[in-house]
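Note that chain A is present in both complexes that follow, paired respectively with chain B and with chain C.
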Partner chain A sequence: MTIFSRRLKETGKEMCFEAVRAALDEAGLELKDIDTVVCGTAPDAFDGIHMKGENLLDGCGGSKKTYMRVFTGGGTGVLAPIAGWWHVASGVSDVCLVVCEEKMSSCFPHPQSAFGHIWDPILDRPLRPNLVWIFAMEMNRYMHVHNISKEDIALVSVKNKKNALDHPSAQLAANITVDDVLNSEVMAWPVQRLDISPPSDGAAALILVAEDKVSSITDNPVWVEGVGWCIDSTMWTNRDLYFPQYVAKAAKMAYRMAGIHNPFKEIDVAEPYDPFDYKELHHMEGLLLCKKGEAARLTREGVTERDGDLPTCPSGGLLGVGNPIAATMGIKAGEIYWQLAGKAGKRQVPDARTGVCQAWGDLMQYGSVMVMRS
Partner chain B sequence: MTRVAIVGVGYTDFRSITPEVSWKEIMYKAASRAYDDAGINPRRDVKSFITCAEDYWEGFSIFDEFTPDQMGAVLRPMITTCGDGIHGLANAFMQIKTGLMDVVAVESHSKISDLITYRDVVLFAFDPVYNRPLGGHPYYVAGLEMRKYMEKTGTTEEDCAHVVVKNKKNAMKNPLAGHEGDLTVDQVMKSRYMFEPLKKLDIAPLSDGAIVLILASEEKAKELTDTPVWIKGVGWASDTPWLEQRDWSKAVYTELASKNAYKMAGISYPRKEIDFAEVDDKFSYKELQHVEACHLCPPGKAGRLVSEGYFERNGVLPVNVSGGSIGCGNLIEASGLQRTLEVVLQLKGEAGSRQLDGKTGLAASWRGVPTASGACIVLGV
Partner chain C sequence: MEKYPGKPLSSKEMEEVTHEKWDPAVKYAWSCGEAMSRFLNELKKGKLVGRKCHKCRRVIFPPKMFCETCFRPTDEWVYLPDTGTVMTYSVSYLDMDANRIEEPILVGVIAIDGASENMGIMHYFEEMKPEDLTFGLKVKAVWKPEKERTGAVTDIKYFKPLEGSK
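Our next item is the complex of A and B:
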């Protein structure tokens, strides 16, 4: 994966190239060894390019190749490797390259303006809503139902930004305190500036290989054991926002496939999607890693620290490393790969054999989940 | 591994403007007809849903948000693929092959009449640094490509006019088509130059419509229908995105895609083994390029053959019996599904007065200017 930051000097396809080159080097492969390419990239409006997948395709190594783009909003970061999985598991492809890219900085004055067009044109858009507002509603609802305090939620931001200090691609790594979060600027109550991940530019790539071809490439493969994805209704106003049912459905699908019955016991490391600090807690519950309303307690007790029983977002997550929507594949699926392969360096958690990663997107309605084992 | 069949189809008719319905309503109409056709309940039987769409066509930043309700996909696995309808079929095919899914619904639609800035949107697909600043109507790319193709192969403007005459005539027998006509080559030749040598009638007019196909695993297909249409092979590919680097005389992406599809289908001599084909004709010369790229005739000879009637409905190898995009209208990302739909109807013997004989059909799609991406699917009974 590339560094996540504001990268005004590079085009999207140049970032893709950088990520693909790094992935090929790590696997010891060349582009000619790749037979299919999957591209994941979220709204075209960020880059201001219609059919963005077509524009990125040479940077992704897709020229004169079998090339497919999938797109499920923020869920793309884990859905793209899932699409790579079905390219390989179906027997269609032996070696599949998955590339995710996002370039948010070219959207002026702020990527939030592109989010102005994600709403229902009749029911929502005339209110001129802003993403932070609806997440504020969701956060409020979650805090209210489970009686969770802002202090507990701020702990997630503190942990992830600290974890990110060890990530070479990090954009907002920092040693901060709960007070720093609580004293930061209020965006839309209860969301404050340090509760939110930054807009970022970046790209990430990974390579999936069929079982019978693995031995010639590596002795230390990480296996995709379970995949799940799920979409909820467009009508977000009709849902109780306190629990992400769509994530739970996707997680159950992935766990069933991986033969996991007790996720809290069987999962050694987790990368839930954390664009806001409360989302990590929300998604831990959605991933069935704890009972509803218990994620805050686990965080407070240090269970989700890197040396805890259930290391969560050891990469530093979106809060620490950055949030280039689809390219967060690098800190979700990518991080679980590095952790399970024992290649996470300073971020390595001990004895990790089974990991889960998850992404979340669209209008608070999409969950994509992948379980991996070494 | 299981074989994959198409077991249900649902569609609206294809019209230039449809102000009386929204895109959600045409999706719902096509989906409910497809579920009826397959005899299934989407809430119980369909395991996965796929829609093929692009944000800018739809006027949303994340169109994926707006797809589940009208398909019956709420709280179910669903994805959007930014590709043509056949790209969606390819994903469904792979999902079923993995064994994870047994029934998958694939949807694609066009509500292009809602888009009042078509030219500007297409221009947004051009490289923002090198090509977009040149401005103009983006179809100039097709004009240049047609010129190159004619120069390289000796194809004439009259040959291309034959494609228009054939497809518009074929469309007269297709009740779904919105742009049928009984024209002569002379009339086409007299139509106005838009992007010389591309004339007004060489260009497929934009249309609205929605199509849903239901795919099923072998076991499920045999349970659901007596007339499954099997997917024998599917392939999809892209050439370079740079206009400057392409071979403008031929459709390299279709060559690659059809090669993969034929390989999967075990077809070594397509000219003999394919009984009829539906290939993309967003511009008349594109049909000729695509027919050649699919190896349905010797390279460079499609123009002469179309003039001789080789690709007519009663010719040696019928091409675009549905009327194609020129006769039915350009359905944008749904074009590939419209082609596949026609092949399915033909193979099931449900094509009415345009019914052909044949056991193996090919559908090929292209994503339009300025892309060089396309997909092919081989179907058989």
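Our next item is the complex of A and C:
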């Protein structure tokens, strides 16, 4: 993966090239060894280029190959490797390259103006909403239903930004305190500046190989054991926001495939989607890693630290490494791969054999989940 | 944010590459369809309207011509009161373009009375202090004067506390 940064000088294609080259080098492969390419990249409005998947083609190494783009907003970071898995598991492809890219800085002065295009044009847009509003409303509802404090939620931001100090791509790694979070600028209450991940530029790539072809490439493979995805209605005002049922459905689908019956006991490392600190807790519950309303307690007790029973976002997550929407694949599916392969370096958690990663997106409605084993 | 590390490339660094600019002049006119056209026309008259599904008996608001759970056409128009309950809310110091604003916008989801559970819309709150905005608060719509209404969700100016609810 590339570094994640507020702005990168490279074009989207150049970022893709950099990420793909790094993935090929790590796998000891060349582009000629790749037979299919999946590209994941989120709203065209950020880049201002429609058919962005086609625009990125050359940098993805997809030219004159079997190529497709997938896109489910923030959910793309795990949906793209799932789409890669479709290619391999169906027998269509022996070696599938998955590339994810986002360049949010092209839209200026702030990509938030492009987020405005997501809203329902009749019901929401005339109210001139900011996307942070809906997350603030979801966070507030979650805090209210389970009586969770801002202090407990801030612990997630503290942990993830600290974990990111060990990630070479990190944009917002830092040693901060709960007080720093609670004293940071209020954006849309209860969301404050340090509760939120930044807009970023970045790209990431990974390679999926068919079971009968893997031995010629590596002695140390990580297996995709379960995949799941689910979407709820765009009418986000027509559901109780305290629990992401669509994430739970996606997780159940993936766990069933992987033969996992007790996720908390059987999962050794988790990378839930954390664009906001409360989302890590919300998604731990959605991923059935704990009971509803219990994720804050686990965090407070240190269970989700790298040396805890359930290391969560050991990469540093979106909060610490950055949030180039689709390219967060590098710190979700990518991080679980590195952790299970024992290649996570300073970020390595002990004895990780089974991991789960998850992404979340569209209008607070989409969940994608992947379970891997070494 | 200077006290935090990371790699925010400076504007000087960004000047090392050339930038091409584009200011798109793209305009849209969305067809509102049957349910939303009626909904917007009723707003102009100062009324809220939903659709009832006779199979699951839900009153769907905002209205839809089909029930997405029973997957069949909805059956009947029903008028709803312009009161409801605050399901969640935010106090925002950001506008649509992420600019900071001095006076916060109070915004939230209001579940409309008479509609089925969790049938809400997003809207503003006024005539209250941020600290008075709470979960479960009963609120009532404040409408624009009839002549100023255009058939838009903004025909409701905002929701205020329902008198006697506190």
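Rule of thumb we're sticking to: the second predicted complex is superposed on the first by the 372 of 374 C-alpha atoms of A that agree within 3 Å, B and C clash if a C-alpha of one lies under 4 Å from a C-alpha of the other, contacts with A are read in each partner's own complex, and residues count from 1 in each chain.
FYI, a residue touches a chain if its C-beta (ideal position, glycine included) is under 8 Å from a C-beta of that chain, and two chains touch if they have at least 3 such contacts.
Since the model is a prediction, treat every value here as computed from it, not as a measurement.
A.B. asks: Between chain B and chain C, whom does A:Gly48 touch in the aligned arrangement: first, second, both, or neither?
C.D. replies: Both partners.
A.B. asks: Would you check which partner chain A:Val186 touches, where first means chain B only, second means chain C only, and both and neither mean what they say?
C.D. replies: second
A.B. asks: Identify the partner contact of A:Ser233: answer first if only chain B is touched, second if only chain C is, both if each is, neither if none is.
C.D. replies: In the superposition, A:Ser233 touches chain B and chain C alike.
A.B. asks: Is A:Ser90 touching the first partner chain B, the second partner chain C, both, or neither of them?
C.D. replies: The answer is first: A:Ser90 touches chain B but not chain C.
A.B. asks: Is A:Lys279 touching anything from chain B or chain C once the two structures are fitted on A? First, second, both or neither.
C.D. replies: Neither partner.
A.B. asks: Go through the superposed model and pick first if A:Gly361 touches only chain B, second if only chain C, both, or neither.
C.D. replies: Only chain B is touched by A:Gly361; chain C is not.
A.B. asks: Determine, under the contact definition given at the top, whether A:Arg347 touches first (chain B), second (chain C), both, or neither.
C.D. replies: Neither: A:Arg347 stays clear of chain B and chain C.
A.B. asks: Where does A:Leu241 make contact in the superposed view: on chain B (first), on chain C (second), on both, or on neither?
C.D. replies: In the superposition, A:Leu241 touches chain C alone.
A.B. asks: Go through chain A and flag every residue that touches chain B in one model and chain C in the other.
C.D. replies: Chain A residues touching both partners: 48, 116, 121, 233, 235.
A.B. asks: Once bound in the complex, which stretches of chain A touch chain C?
C.D. replies: That would be residues 3-9, 48, 109-110, 112-113, 116, 121-124, 126-130, 132-134, 136-138, 140-141, 144, 161, 170-174, 176, 185-191, 193, 233, 235, 237-241 of chain A.
A.B. asks: Give the list of chain B residues in touch with chain A in this complex.
C.D. replies: 1, 54-56, 59-62, 64-69, 73-83, 87, 90-91, 93-98, 100, 121-122, 124-125, 127-129, 235-242, 252, 256-257, 260, 367, 370-371, 373
A.B. asks: Help me check something: in the complex, which residues belonging to chain A touch chain B?
C.D. replies: Residues of chain A touching chain B: 11, 42-45, 48-58, 62-73, 79, 83, 85-87, 89-92, 114-118, 120-121, 227-235, 245-246, 249-250, 253, 257, 361-363, 365-366.
A.B. asks: In the complex, go through chain C and note every residue touching chain A.
C.D. replies: 1, 4-9, 13-14, 16-17, 22, 24, 28, 30, 32, 36, 40, 62, 68, 87-98, 104, 107-109, 118-124, 130, 135, 152-154
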